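Two complexes are shown next, each including chain A; its partner changes from chain B in the first to chain C in the second.
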Partner chain A sequence: MNRRADAVVVGAGLAGSIAACRLAQAGAEVLLVAAGEGSMGLAPAWLDVLGRMSGPVSSPLAGMQSLPDSHPYARMGSGVVQEAVEFFSSLVSSLDYRGGLEDNMALPTSLGGRHLCAMAPPAMAAGNLDRAGSVAIVGIGAMRDFSACLVAQNLSAGGALSAQGVTVDFAGAGADLGNLDVARRIQEPKLRAQLGAEVLACIGGAERVGFPAVLGLGAHQEVVGDLERILGREVFEIATVPPSVPGLRLSSALAVLRRTLGVKEVIGARVTGFVPGPGGVGGLRVRAASRSQIYEADYFVIASGGVLGGGIEVGHQARSETILGLQIPEGPLGSLGVAVDNSLRPLGPSGDPVFQNVAFAGATVGGADPIGELSSQGICVATGYLAAEVVKAEVAKVARAK
Partner chain B sequence: MRDEVVASTDGCVKCTICEQACPVAAVTDLFPGPKYVGPQAERFRHGDSVDRSVEYCSGCGACSVVCPQGVAVAELNIRARAQIPRSRRETLRNLALGDTESVARLAGLVPGVANALLGNRAVRRVAQWLAGVHRLAPLPAFAPRRSVRSFWTKSPGEGVPVVYFPGCSTSWYEPWLGEMVVAVLERNGISAQIAAGRCCGLPAQSNGFFGLAARRVARIAKELGAPVAKGTPVLASSTSCALMLMSEAKDVLGIESDPVLRLAEATWDVSEFLLDLHRQGRLDQKGLSPISRRVYYHPPCQQRRHLSGRPALELLALIPGVEIIESTQYCCGIAGTYGLKAEKYEVAMEVGRGLFSEIADSSPEVVACDSETCRWQITHASGVPSVHPVELLYESYGLSGARRPLRQDAKRKSARR
Partner chain C sequence: MTQALSADVLVIGGGSTGVGVAWEATRRGLSVILAERSNLAGGTSGRFHGLLHSGGRYVVSDPRSASECAAENKALRSIAPQAIEDTGGLFVSLEGDDPAYAEGFPLACERAGVEAVAMSPAEARSAEPAVNPGIQAAFWVPDASVDVWRLLGILSAQAAEGGAKILEHHEVVSFEQEGQRVLGARLKDSATGETRWVSAQVVVNATGAWSGRVAAMAGCEVEILASRGVMVAFADRLSHLAINRCIRPSDGDIVVPIRTVSVIGTTDVAVADPDDTTVAPEEVAAMVAAADQLIPGAGSARTLRAWAGVRPLYRPPGGAGSGATRTVSRAHALVDHATQDGVEAFVTITGGKLTTLRLMAEEAVDLVVAKIGLPATPAFVEALEEKPARPAYFRLPDALAHRESVWGGDRDAVVCECEGVLRSDVVALVAAARGRIGIGDLRRSLRVGMGPCQGGFCSYRCAGLIAEAAQAAEAVTEDLVEFWKERFKGTATVSFGAQARQEILDRWLYASPLAPPGEPVALP
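Showing the complex of A and B:
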């Protein structure tokens, strides 16, 4: 027997989670299926909306006005992007995102570069490089992928900031520690008190103190609070190479929200194809442990990821979307995606929608260059939100007709 | 032949999502994480064992579930674990835990004596020292022979035929659960033929005896060949047996024979089957009378690998009056026989700590969980009685005859420190 829901969402990443939560909040019965856990735990939890066009973009909202018509932001309009970002902030209000679409902030990267993003959690936003004053960058000896001196050197080279790098031992750990190891250990109050004392001894008069972004998982706020109390100054987090601890905090927060909002989910199962139905798609074929099952719905949101996430397959000759088998036009690898209309419905070669009851979201959507223009999370949030709005309107229409 | 499991390592982009999800690496430095011992170390193995750290993989499968690239991380690690060279004492201990069917057949002849011995602290101390089974680990009690007999002599009623595969736990430890499953099915017009009491082979596989495990699966596939060929579903109430028959026989043991593949397609978890009946409008929902009870539901790690959502949770929600608290934790730690071992008991208890404290905080009257070893571990660590979800359906239908002996829970509680 097939499973049925009002809407089926494919993908448990940022776009899929936003769409599923928005739909569930509106009272729809949502079934979410995903091949894996989504890749939020790889990216820093900052929200890139638009950071680079021909040069650095200081205001995402202003920059959006000069995007080509085929860009997802241009299709939905900056008003919808703004609504989407506000929805995101209120959804994950526990993470207390700072910033907005008016101005980008410049945050330090793990090499001491400047990264332009619209919003970030408070501990990252506190690292804003446009603020004057001196900073100390703290490295932890056993963490080999984060060099405080390199970060400090590169930050100082920018000119605006005076940065000093120090490296301390963390609870005498000689072996190499990963980001997650430190994030878990530092949740122990005694260990972070020791770390705080060691740092205090060597940072001199620096006004702010930057740590690699490993300041706790569930107990993040307590860790930051304790360190600020011990050091007597503001503490901030600097993005690291994966695994990303702030990304993991975001990923867990969204997983909890999906559950509490009543989204039914199947994680770890692949969607292998679809069965036709009214509106184009009647159901998706999902591979369980030993059998395939059809997940039926009136509407489908596909946020299965881009080339890296497995939503788009690239061969020697052709490129295709993996669930509906849509052909993807040629282009640079980072920009490959499904061509969509203003309601995120997929377009065929003639430019007309080929499936009426499907909305694409996230990295699967074409028309943008998320890495080049620094817009990855913004596109996920905006298309995830819009996909849910489109489906919500359709579900309401069906309900009225009944 | 191309080995899909080994080939899947090429999909690994070292994104570390599995490392983030691994419940064992989160609590101990003894296990460096699934990526490290899995797709990464695999490149050096060529089928041989290269280091012992993979030993601490519990096989819960969280890594395979969360991997977005389709890498069979857990399957690789379970295979690699089986290649580790062992001392004779370790081999014997693992065989005792892995060949559950033989052990149960022997001890089941004299359940009273076996239970008295396993419940005796001095004996358990000696067993830890001699055999490496932790003295506090939650070993189940053998059921009295009359309740075993009562289950096995049940004659199938009228209805649509299915096969019920009881596995070791229902056959020798919890026969009342089998009676309840059969009764709940009958109540819904399904007639269950009870398959012979067999081990599915999973404990043997987890303990490194792949040959024995393969023989166990092949035997079941042969014995159930006729009903499976007729399209009769095979139902399991143990999520680990179901997982073995559904996918591990192929993905871990590498068995691709037709009877085993056909059995895989025919296998259902009993809750998944009942929920499917409900979706077809064939489940007697009106007959479910209210039970006013606070139930904490925990889906076992093996159940998540069925990739079918949380059917038991949806079934429990059909019972009027039941207040359900859904677990937010991944694993209880026991992972079959992992947490029974002397060197891993503390790790397993630490893995389950989040779950146990969540249970304590939500103060349920009962925990519902689909896997027997998880139920034993949960009751052992939290002191809260635990049942299979079907037991609550049985009660709600007002069925009688089968009863979980009360002393089972009391006894396990006394094993706590």
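Showing the complex of A and C:
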């Protein structure tokens, strides 16, 4: 039996979630299908919009003006990017993102580098390196993925602030802790009180205290609140390698929002191809377990995550988009993406749209150098939002015609 | 200039040949200094295929090499069993391969003294289920795989125990000569930029593909045909036996299982510059296709890295014209420059195989001893009898059992999931080196960074442990970034499928949560 909706969104990552939520808010019936949860749980939850061009970018909004015309930001214009980011902030208002597009903030990395991003949740934003004063960086002995010593020494070497590294034990926790192990344990009030006391004993007069970003999952605010109370000073989180605890907080906040807004979703199902229809695509072939089904809709948003997310397959001979079988223009591995027009419709080799009722969003969209620019998350939010705007307009047209 | 050093023998080159010579010379009571411009196995030896040859590969094309391999295969097994995995190997002939070659193979093996046991195709398939089911003929041979860093580690440690001085990161930049006699050489320390003199009674040039250049510095001639071979590693162990194609040596005719990976090789292309280790995408595709013929399915398996090594093929003066490099003998050559060029106290030992390092060392040291004018001392082979007869090869299950017994869930931490390396392993090495250790050294000793993630996760953990133990974060960070760049060099031509996703993940790691201070990491 086929399933039908106003719009089908492929992908449960940042781009797919933004598109689905925006569409559902506007009253469209949305069906979201995804093979997996996407890469939000891997990436730090700061929101990058534009961190580097030929050098560091201090204002994403200003920097955006000099991007080439084929760049997704240039295609949609900075006004839409701004709307999209505002939409993101209001959508995940429970996470209380700080910052904006005017100025990048510099946040510490797990190697003591300076990461430039537009926005971040409060506990990450509190690590802003442009604020003066001394900081203590706390490592947890058994945690393999964070070295307080590397972070603190490299930050101090940068000269802007003085950082001191300390490493404490997490009582009775064993010798091998991953990010998630710590994030779960620290939600136990007794355990974090003990940890707080240990930290307090060795941080001297430091004005702020940086921890690896493992300060709780669901109980994050309580964890930060308690630690700040025990330590008597501001606490911040430093982005770590995957799994990213702040990324998982963002991912689950968006999953809850999708459900609350009435998005119907099927996670764990793979789209294996499409069937033609009036606007180009009539439906998507979806495989879940051993069953195959067609998901029909008037409009489709494909937010399949590029090479990393599975939306682009890099073969020995060719590089192709996995759902519609589009050819990907040649380019370095980090910049591979589908060529799109200003409405995010995919373009054929001649430069004309090949499908009228499909919009691409997120890391599958080409035209950018997301790793070099530190722009992937911004592109996800902006293209996810724009795809929904385009579809909203189309769905309204269809409704009027009916 | 730092203080001058002196020894009976100066060995130039820290590959399998040079380390073998240093080890053998020390065993015979000589004082030894070894100078290597990078690190041990930093040349061809660290970029080889990993096979302890049974000799079968050369029984038809080069019987002398075949016999030497057969004998030295046994010798190395008893010298350094801990560096050898006794995989065993197969020679298989596929549909379409010349049947006459397989028919003549057993006799050729017998003549060369290479052990080979004929098997029916069905027996071969049950011995190695991964092998192409369409095989026409099969022979079992005593192939094994070698962990070269461990092998050279064992030999150089034994040499050092016997008093040898092993100087890594010391390049020989010129010789000191008096008349027609080499008195020693000038070494440049790449860390400090300082130079120092080493005087020696005899200098042994064991610089492999570079031995022509080094010999020229002493006014001597050694003609080396540099022949580049490409290898591709798969992320999994595709077979348990080494699989050789039973045909005349050709491209992509051997798959070797080494620890957690399998390696297909190789090619044979003459190059002008021994430092030319470029890999062409077509070569990678050809290797993967060749592997798929030996092991069906390999063509779609995940590839991990591609790299190339340069063979030092020796051409004697006035020797055969410039034929194809495949037809040049794989046998080694010992050149006494006194007789060849009239230069005293200088010898070159080159060509050969990693498998024949001991024999090469024996012959070179025999000549050194004669030159110094000492009575001939027995070579290693005699001493073998004193050794316990039971070798303790390394086996993957043993390695895992060790990990489990130490790790046990909460006593230690896993630093490298791909290769099962524990924090205590790293801490012990860092402590032994008093903190003067890089992540590349940890890779060579423990294999961190050699599994599917290519160091994406473990390298940072290692850097943290090194920084905590001793070093300034700045230097450790620099070393870490260099390590990332170095790992990326080998993956560029194999970024397909799952490995392409891995590469994007690693690129994001180094650009985002692990971004170093200052400029972004410039990956190839």
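Throughout what follows, the second predicted complex is superposed on the first by the 400 of 402 C-alpha atoms of A that agree within 3 Å, B and C clash if a C-alpha of one lies under 4 Å from a C-alpha of the other, contacts with A are read in each partner's own complex, and residues count from 1 in each chain.
Following the convention adopted for this analysis, a residue touches a chain if its C-beta (ideal position, glycine included) is under 8 Å from a C-beta of that chain, and two chains touch if they have at least 3 such contacts.
Worth saying up front: this structure is predicted, and the values here are computed from it rather than measured.
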Simultaneous placement of chain C and chain B on chain A, clash or fit: fit
First, second, both or neither for A:42, with chain B first and chain C second: both
Superposed model, angle subtended at chain A by chain C and chain B (C-alpha, nearest 10 degrees): 90
Touched partner set for A:374, first chain B, second chain C, both or neither: second
Which superposed partner A:270 touches (first chain B, second chain C, both, neither): first
Which of chain B and chain C A:256 touches, first, second, both or neither: first
Partner chain in contact with A:290 - chain B first, chain C second, else both or neither: first
Partner chain in contact with A:52 - chain B first, chain C second, else both or neither: second
Touched partner set for A:150, first chain B, second chain C, both or neither: second
Chain B versus chain C as contact partner of A:243, first or second or both or neither: first
Chain B versus chain C as contact partner of A:308, first or second or both or neither: both
Three-chain overlay, closest Cα atoms of chain B and chain C, distance in Å: 5
Residues of chain A at both interfaces, chain B in one complex, chain C in the other: 42, 308, 310
Complex interface listing, chain A residues touching chain B: 1-4, 31, 34-39, 41-42, 178, 180-181, 184, 242-243, 248, 256, 259, 264-270, 286-291, 293, 305, 308-310
Chain A-facing residues of chain C, complex: 285, 288, 407, 409-415, 423, 457, 460-461, 463-465, 467-468, 472-474, 476-477, 480, 495-497, 500-501, 503-505, 507-509, 511-518, 520
Chain C contact footprint on chain A (complex, rising order): 42-44, 52, 109-115, 142, 144-147, 149-150, 152-155, 157-158, 167, 174-177, 239-241, 244, 306-308, 310, 313-316, 333-334, 371-372, 374
Parts of chain B lying in touch with chain A, wherever the complex brings them together: 13, 15-17, 19-21, 25-26, 29, 33, 64-70, 243, 245-247, 264-265, 267, 276, 279-280, 304-310, 314, 326, 328
